[in-house]
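Have a look at this one before I ask anything.
In this document, chain identifiers A, B, C and D correspond to the written order of the chains, with residue numbering beginning at 1 in each.
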Amino acid sequence: MQNSIILTITCPVRVGIVAAVSGFLTAHEGFIIEAAQYGDPDSQRFFQRIVFRRGDHSPSIEEFRQLFGPIAERFGMDFQMHDAARKTRVAILVSKFGHCLNDLLHRHQSGTLNAEVVTVISNHPDMRALVEWHGIDYHHLPVTAVTKRDQERQIEAVLREKGVELTVLARYMQVLSPELSAALSGRCINIHHSFLPSFKGAKPYHQAHARGVKLIGATAHYVTDALDEGPIIDQEVSPVDHTYTADDYVKIGSDIESVVLARALRYHTEHRVLVNGMKTVVFK
Amino acid sequence: MQNSIILTITCPVRVGIVAAVSGFLTAHEGFIIEAAQYGDPDSQRFFQRIVFRRGDHSPSIEEFRQLFGPIAERFGMDFQMHDAARKTRVAILVSKFGHCLNDLLHRHQSGTLNAEVVTVISNHPDMRALVEWHGIDYHHLPVTAVTKRDQERQIEAVLREKGVELTVLARYMQVLSPELSAALSGRCINIHHSFLPSFKGAKPYHQAHARGVKLIGATAHYVTDALDEGPIIDQEVSPVDHTYTADDYVKIGSDIESVVLARALRYHTEHRVLVNGMKTVVFK
Amino acid sequence: MQNSIILTITCPVRVGIVAAVSGFLTAHEGFIIEAAQYGDPDSQRFFQRIVFRRGDHSPSIEEFRQLFGPIAERFGMDFQMHDAARKTRVAILVSKFGHCLNDLLHRHQSGTLNAEVVTVISNHPDMRALVEWHGIDYHHLPVTAVTKRDQERQIEAVLREKGVELTVLARYMQVLSPELSAALSGRCINIHHSFLPSFKGAKPYHQAHARGVKLIGATAHYVTDALDEGPIIDQEVSPVDHTYTADDYVKIGSDIESVVLARALRYHTEHRVLVNGMKTVVFK
Amino acid sequence: MQNSIILTITCPVRVGIVAAVSGFLTAHEGFIIEAAQYGDPDSQRFFQRIVFRRGDHSPSIEEFRQLFGPIAERFGMDFQMHDAARKTRVAILVSKFGHCLNDLLHRHQSGTLNAEVVTVISNHPDMRALVEWHGIDYHHLPVTAVTKRDQERQIEAVLREKGVELTVLARYMQVLSPELSAALSGRCINIHHSFLPSFKGAKPYHQAHARGVKLIGATAHYVTDALDEGPIIDQEVSPVDHTYTADDYVKIGSDIESVVLARALRYHTEHRVLVNGMKTVVFK
């Protein structure tokens, strides 16, 4: 991915977008490696993701951004250009269940996570040894109902200081305040341990067990100020039967959670996810 | 399955049940082909399903039922004995979507459905040709809000007359009245076109599309008087992405519906499903 | 899909293809509805599928084909343009297992199959009643080892006479001769009842049962003269366990076969499948 | 699982087994918690797994084993009784890919692995830091073609010294010699990174990529002296498409491998797997 740029575009549906963009890239010696697009018939919004390689005489990424300005303006585009080789700076928030954290740290260490984990924050001390063994800062920030906003301000300070671009709630068992949710909008992914919209809120595996479902699931979604209502990025399920206890659900579910969260993280950090109102466009 | 009997048992958890039952069968030359059991730690109810083959000097099924009486009484058992070779008499109710009906009729015709479809009832005339081509009676019983209970009484008359043991709602788009639901309790399976408990009620695929889920599903469950709340027998899902319209969901979902309904029907007619409060025990 | 054209392109990877094609379409008032592309790093071949809507002053599809000639020549493209509203003319070949045939005919009748089934050919008489009830011609062409090439020439005559564009082997239990395989190359889809490349050849479910696998599968692929070796279009699996007999595999497998074959048929008739040597590019 | 015993039985199919066993348990105040059985119509072998809780006046496990002897003899049974609370002693063998190892160690540490990992052995030094951080012995035993049998004797010495009951090949990239395979027969699980029997031997993901399959898989199986031919315990698959490189297969596959291996390990250590010739009976 050396010398490549990922361009994402959102704009109203119109004739000529693809021609304008690809003409622009060809004119500046950009060679298109991947391209995907989607026009939503409901919202009449157009979404595009292009990965292109810079040629020998191509402009720099900063120049590309500037040169693209007039086209963006003509079509009313929101656009972003990312250096494909640059890793997203990620903070992981966790409480006491360490399976998602451990999974992400292992991917981080073995070089298969397309992200730089720059800090781990927790309201509990339990994961410190694991995190520090990986050579990553661990911030233990306890929280009570009374201190919630204070603790969140501390979190925000860490995120700012570390230049965090994406916050991952890897079984962080605190509901973010509307203020923090808003501040992290579009830059915060949560793993919820049910197949949303079933079983929102607390103890979803126990809810699922009580209902007698035959599949349990996990959902990775962007955090919004409506609890477990944010745009869904990915979901997965696993079969269960009557012999499984709610505790078995927790064990089986933890495998699905790890896989779904890692996948959502990859989609996000490869800039494959574009938000479309309450939904997502995911260019896999 | 010639000369075999399926015994199902529900009773409070106690020591000695398995020994008493298997001792009884051995004493009467019953050879156990399949056996499955489950003790629910929550409800403290015990569930068992045994398939046994009659020996040369075994009693008849009627005698077996009688002889088993004292054991059943001792342990407080509800029990049933079914001739394994006898096919359950089934009525199918349908409206305008014919995919589940067609799937069941094809299985019926090719001999892979463990059931005798004795009648098809519909509030629309559309499926008459298909059903009659299969040599099965078709009852067109139109319905309006005003005539609902009258129409249901006509349905009940057909079910009675045909000796129906199981009623299958194969995309029958009318909500049964509490009276009819109660009358068919435990003997009526519905296919709901969502992954319950998500998206109860009308137009679940459109609800799912609006929410932007990444998997859609179907649920086969027993009908109760609480809409889409009955004990779940089986569920299945299929992946979707942002490019699928609600109409695509309908198409993809119809395949899942057919498969899940056929599977639930097989479980029921092989006497593999025991109801446990609001849940099911399914001995696959 | 009224007034829309599906353009598929295969050519060597080069700079400027996307810009040239989208520029061409914009110049002739073609509005791009869907677009997908892929450059294979191994074969250095480029694949593209574009669906565009003709504008008020756009050329006809015949003129579009002609006008596109110089671009195709410049980039060494193989290309096709299809009227998106036109249904592919399909022949179904079948033997004695009718589940795939029944499934396709039901989709055909209910309008969800993007194809016109113009004839059904079989080496057995069994499916005649079903097919003729659907108002479709049924050709019973028996075959023996000795008469194989003769029978195949009869098949070819029917395909020619009916203007068949795609031949579907829906559990047709005869191996096509190399001559017929070659004649139908890229225009003939087979459903094989295993997860290829496991269990090629005869009785794959019995092979799978003997091996004790924990998942069984089905594979839709293009027919080539190497048995069960053609480019794979789609695959699916279903779990099994030790209690399933080989006959159970046959029953369960038949559901997977129907679904996979219908899906492959949809991909092909929507011109989503491009052959890449021994593999396929499928733009879902 | 305190005070509970897991009884597994294999013997020829005969009348009266279930009654004899359950009568025996009842007579000694054993309360049956779980029971599963299967009679294989092909091999005419009977398999049973029973979990029972000892009563206040029940014999000890050693006495139970002795008392059961006459019944075992009468029916020609192979049987085992395991203390359900006792954890199996496990050795993990690994080479350079650490994802399965890391996954198992995390489950070990968080208490969800029903096993005691007593040693890790590797032909490479890479995983030492991870393993020792978990407080587990790491044996680095390099190997060449010439030293293979010597190294294997060192492995056997470690296994003996540590009292290892199950050896897990967690992406150990050496083929065991026939001698070692035989010595570990039934006590050694391998994870193969393909959906067996497809793609045996080396580089299965690259084989799968070259063939153009649409699903890739992983298989956990007992090791025998025939490479990748041993009895299969569990399998899983994941969808891929034309855009995935062989390296992508490796990444995606590693998630499936971890999950399947952990599941097979759980089945084995809960004594749910009984070998039936070249196949397995798995009582889930």
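Simple rule for what comes next: a residue touches a chain if its C-beta (ideal position, glycine included) is under 8 Å from a C-beta of that chain, and two chains touch if they have at least 3 such contacts.
Source: prediction; values computed, not measured.
The chains that touch subunit B as well as subunit C are A, D.
The chain with its Cα centre farthest from the Cα centre of subunit D is C. For the pair subunit C and subunit D, the distance between C-alpha centroids works out to 41 Å.
With centres defined as mean CA coordinates, subunit D is found 36 Å away from subunit A.
Looking at subunit D, one finds that residues 34, 243 touch two or more other chains. Those residues of subunit A that touch subunit C in the shared complex are 15-16, 18-19, 22-23, 25-26, 29, 31-37, 39, 55.
Across the complex, subunit A meets subunit B through its residues 38, 40-41, 195-199, 211-215, 217, 231-237, 241-243, 245, 276, 278-282, 284. The touching residues of subunit D, counted against subunit A in their complex, run 34, 98-99, 102-103, 106, 110, 112, 133, 243, 251, 254-255, 259, 262.
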